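After this come two complexes, each holding subunit A, first together with subunit B and then together with subunit C.
The block that comes next holds the complex of A and B.
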């Protein structure tokens, strides 16, 4: 029905961030819907199928086409279902995506690292004096709140700052929390993004783990994991398990007076809405509230923001399938950020942060890219800012 | 000529109806929308979706310049459709008479909105913004509008002959076709449009209802508010 509903108006084409970098009909939703319809009716020839597959995977599943679609076709879910159906029919994902998915299935993290290393960021941070107290493991202490760091903030040395700062901010606010550490699973949402048929089973296993462990509230700092646990697990994880994004929780803590940004952060910044947080989960207000609460910080919106925020290209496995397109997409976003005259672009997603950094490199931009926790840390406890954390972690590694 | 037009009409109409019957069956067999078990469409959700459909609310949000043209086009089309019911209903219901003045306005607004939409897409946006299929539809609609206006204001056809002919079609009493060339042209364009009508006319309202239902059933999913 969705294929028949397309009015071929071209609105998706006018807004698609991937089409903006590679203007071929097969890249935009209109083209993909047309091809899907033909697959069902008359079939595609070899060349047409190749082009369709290219379009299907040259997509960050950002959901912009769904937002602007006048007839509200659920496009991003349709692409995920199409990917899954093709895989089931023996037409696999691009090679780099397969490697990534294999790592998740086999190692329970997308970095193909031993799970025993997953919670090491917390130990290192505590030893380096970056935390107020050690972060306890869930198996030792079942706190009212579970902090879910996700694969990137747990394993990527460049992004462990996010996990450390998130934990420190929760401590500053007096939140009683623990982490799963080596027992923390990959959220498996990437399986769904890239059409892996094993997603439902993987999600059920994770949901069972949370329920078995008696977890009632999960705070997630990764936008992708949040989309996974909050949205993709709908109908799998009972609503009794509350899943909140870190920005929602921090905003609440600030409003309730448990966390007070006091120090001046005299900066002009612009805010990048991650697709998984904004368009997919409607979290637009909370991160902005946090930025507004920081003294001295001024926020300037980009031309495209909120539901119309331009994707940096890091979602949906696009970076793996077509890194050159991701680079162009993030460069386009950086140029929009530069138009505002801001000195930094702030985002609450470490994946977007990495993606945007690709853009600053590609455009040789002087614009700084920060995670939102960095801004808040500078106002609450600057001794745990990025520079301090990186220095401490480097010393720990070398020492 | 009457026989040819009548056969043409029945063929096109059968093609149109059969096409949609097949689609309806296919849609019904498809997997249901992603909703929680036990949830059904409620009146508030339906009314919300109805407003989406009637106002093209999503397009208004994404592209207000184009919305003006598209809404005018669709509203004019509905008015003219209702007014044209007088050719196949006897006696014509009061709402058809009430459409007289609105239809006179819509008859001009429809081609104007088509020109506006075409200009917006071709001039303001990039060339591939408009699909070749929509180009064809816009062209057919424009020809239909112009022939209708010519019939109304320049080369009037005998309305009694037309009604006699069209009533004959719907009552299966094939009669003589009106002699007006403009009418013949207008009618043939209508038949071409009938078989090439975009499928979104029927599927789009359903996806719009489904979207609202998804929002209501999975409020914590908050996909697309």
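The block that comes next holds the complex of A and C.
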């Protein structure tokens, strides 16, 4: 029905960050909707189908077209559903996406690493003196709050800082929490993003695990996992299980006086809204509240921010399918950040952080890219900043 | 002298067009039902959903936030079209009711009594609005030429079609006034501008009237048949899609409200 409801106004084209890098009609939503309509009615020839598939996967499902669509067409969901339908019809995803999805299905994480390594960041951080107390596993202690680190912060050595800093900030605020450690599953949202037909079953299994374990509140530090657990699981995970993004929770803790940023952080920063947090979940205010609460820190907004924030290109499997487009998209974002005169770009998503770093590399920009926890840590407990964590983790590895 | 209008032929045409519309919508529905089913729970139609639906369908906040020019053009076409359709339907229903003396005198009231000026003002005002909207849409397409415009000739055809229908409506009104003048004609403030004498037409007004009536009435009915194949389909489906998607957003707790003041980067 949405295919017929499209008024072909082309607003999606004017805003699409992928189209800005590769201006072909088949990339923007209007073009894809037109092709989808023809697939359903008269069919596409070989060349047209090839172009449609390129457009379908040259999309980060950032949701910008949904936000600017006067008909409110839920475009990103439509692309995910279209990908799923095509897979069911025997037209698979690009090869790199298939490898990624296979890793999630077989290893329960996108890094294809043993699950036993998932909670090691917490042990290492405790041994290195980066935490106030050891982080307990859920199976040993059912705390009122579960911290869900996600695959990237658990396995990627460059991003484990986020997990350590999140845990430390929760400890600083006196939050009684534990982690699932080796039992923490991949949220499986990437299955949904890339159209894997196994998503519904995978989500049900994970929801069952949370319910069986009696978990009541989940704090997620990854925007992608948050989109998964909060939005994709809607209707699967009962409302009794509260899913919050770390920024929502930290903002609440700061407002309630449980966490107080005291030290001066004299920096000019700009803020990048992750698509999964902003456009997909309408969380714009909370991360900004956190930045405003840090003494000395000044926030300068980019030309495109909030619902119109430019995507860094990391979502929807685009980085896997078309890395060159992702690089151009993140470079465009970095150039926007540079326009503000800020010395750093801050984001509350480790995937965006990685994506933006690709942009600084591509543009040879001197702009620093930080996770929002790094800014807060510098104000609350600087002994757990990124430099200290990286040093400690390197020493542990070499030791 | 006014020639009798070919009403029987007209109603036969209307029924045929309507049947074709029904059949086309049924075929579309069959096509949609082959897709993935998404559940729609009526309980999700809460106040925020209703509110956003009203704002988006009737005020089109989203368009306003993107481009004031587009918003104005769309509002003119939307309200012009809706209001004129409402006027025609009301007149038709009152006519039917008057035949069985069940209209409480409303038909005569609006067609020749004290309500006549209101009918004239309504028709001329919204005709003007629709005309301005169509003219604005064409100006935007061919003069402003925003980058995102689709060069789809059927869209241009539809806009020109609506524009000509509006013009034929004004001409029909002026011919009717010329054939049977009334003191209340002054309320037809646009129709008066199209008086046949202005264009040198002084004889054969009855034939002109019959011809214009046929063009206006039949082209109006033909819209029913053209609707499922044109951009006009979005006038039926967009309100439906807005309601369905807003209800889903309400279910996921991620409903967004377009900002109306911050961004207007497109034309």
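Methods note: the second predicted complex is superposed on the first by the 399 of 399 C-alpha atoms of A that agree within 3 Å, B and C clash if a C-alpha of one lies under 4 Å from a C-alpha of the other, contacts with A are read in each partner's own complex, and residues count from 1 in each chain.
What we mean here is this: a contact is a pair of C-beta atoms (placed from the backbone, for glycine too) under 8 Å apart; a residue touches a chain by one contact, two chains touch by 3 or more.
Just so we're clear, the structure is a prediction, and the values are computed from it rather than from any experiment.
Aligning the shared subunit A places subunit B and subunit C in steric conflict. Within the superposed three-chain model, A:41 lies in touch with subunit C and out of touch with subunit B [touch as defined at top].
Once chain A of one complex is fitted onto chain A of the other, the partner contacts of A:85 are limited to subunit C, with no touch recorded for subunit B. With both structures placed on the common chain, the touch criterion links A:282 to subunit B and to subunit C. Contacts of A:393 after superposition: neither subunit B nor subunit C is touched.
By the touch criterion stated above, A:155 is placed in contact with neither subunit B nor subunit C. Shared contact residues of subunit A, touching subunit B in one structure and subunit C in the other: 1-2, 4-11, 13-14, 30, 67-74, 230-231, 234-235, 279-282, 307-308. Those residues of subunit A that touch subunit C in the shared complex are 1-2, 4-11, 13-14, 30, 40-41, 67-74, 81, 84-85, 230-231, 234-235, 279-282, 306-308.
For subunit A in complex with subunit B, the touching residues are 1-2, 4-11, 13-15, 23, 25, 30, 63, 66-74, 77, 230-231, 234-235, 239, 279-282, 307-308.
Within the complex, the subunit B residues that touch subunit A are 23, 26-27, 30, 33-34, 36, 52, 56, 58-59, 61-63, 66, 70, 121, 125-126, 128-131, 133-134, 198-200, 202-204, 206-208, 210-211, 214, 218, 220-225.
By the touch rule above, subunit C contacts subunit A in their complex via residues 28, 31-32, 34-36, 39, 56, 60, 62-63, 66, 70, 74, 146-150, 152, 155, 231, 233-234, 237-238, 240-242, 244-246, 248, 251-256, 258-259, 262-263, 265-266.
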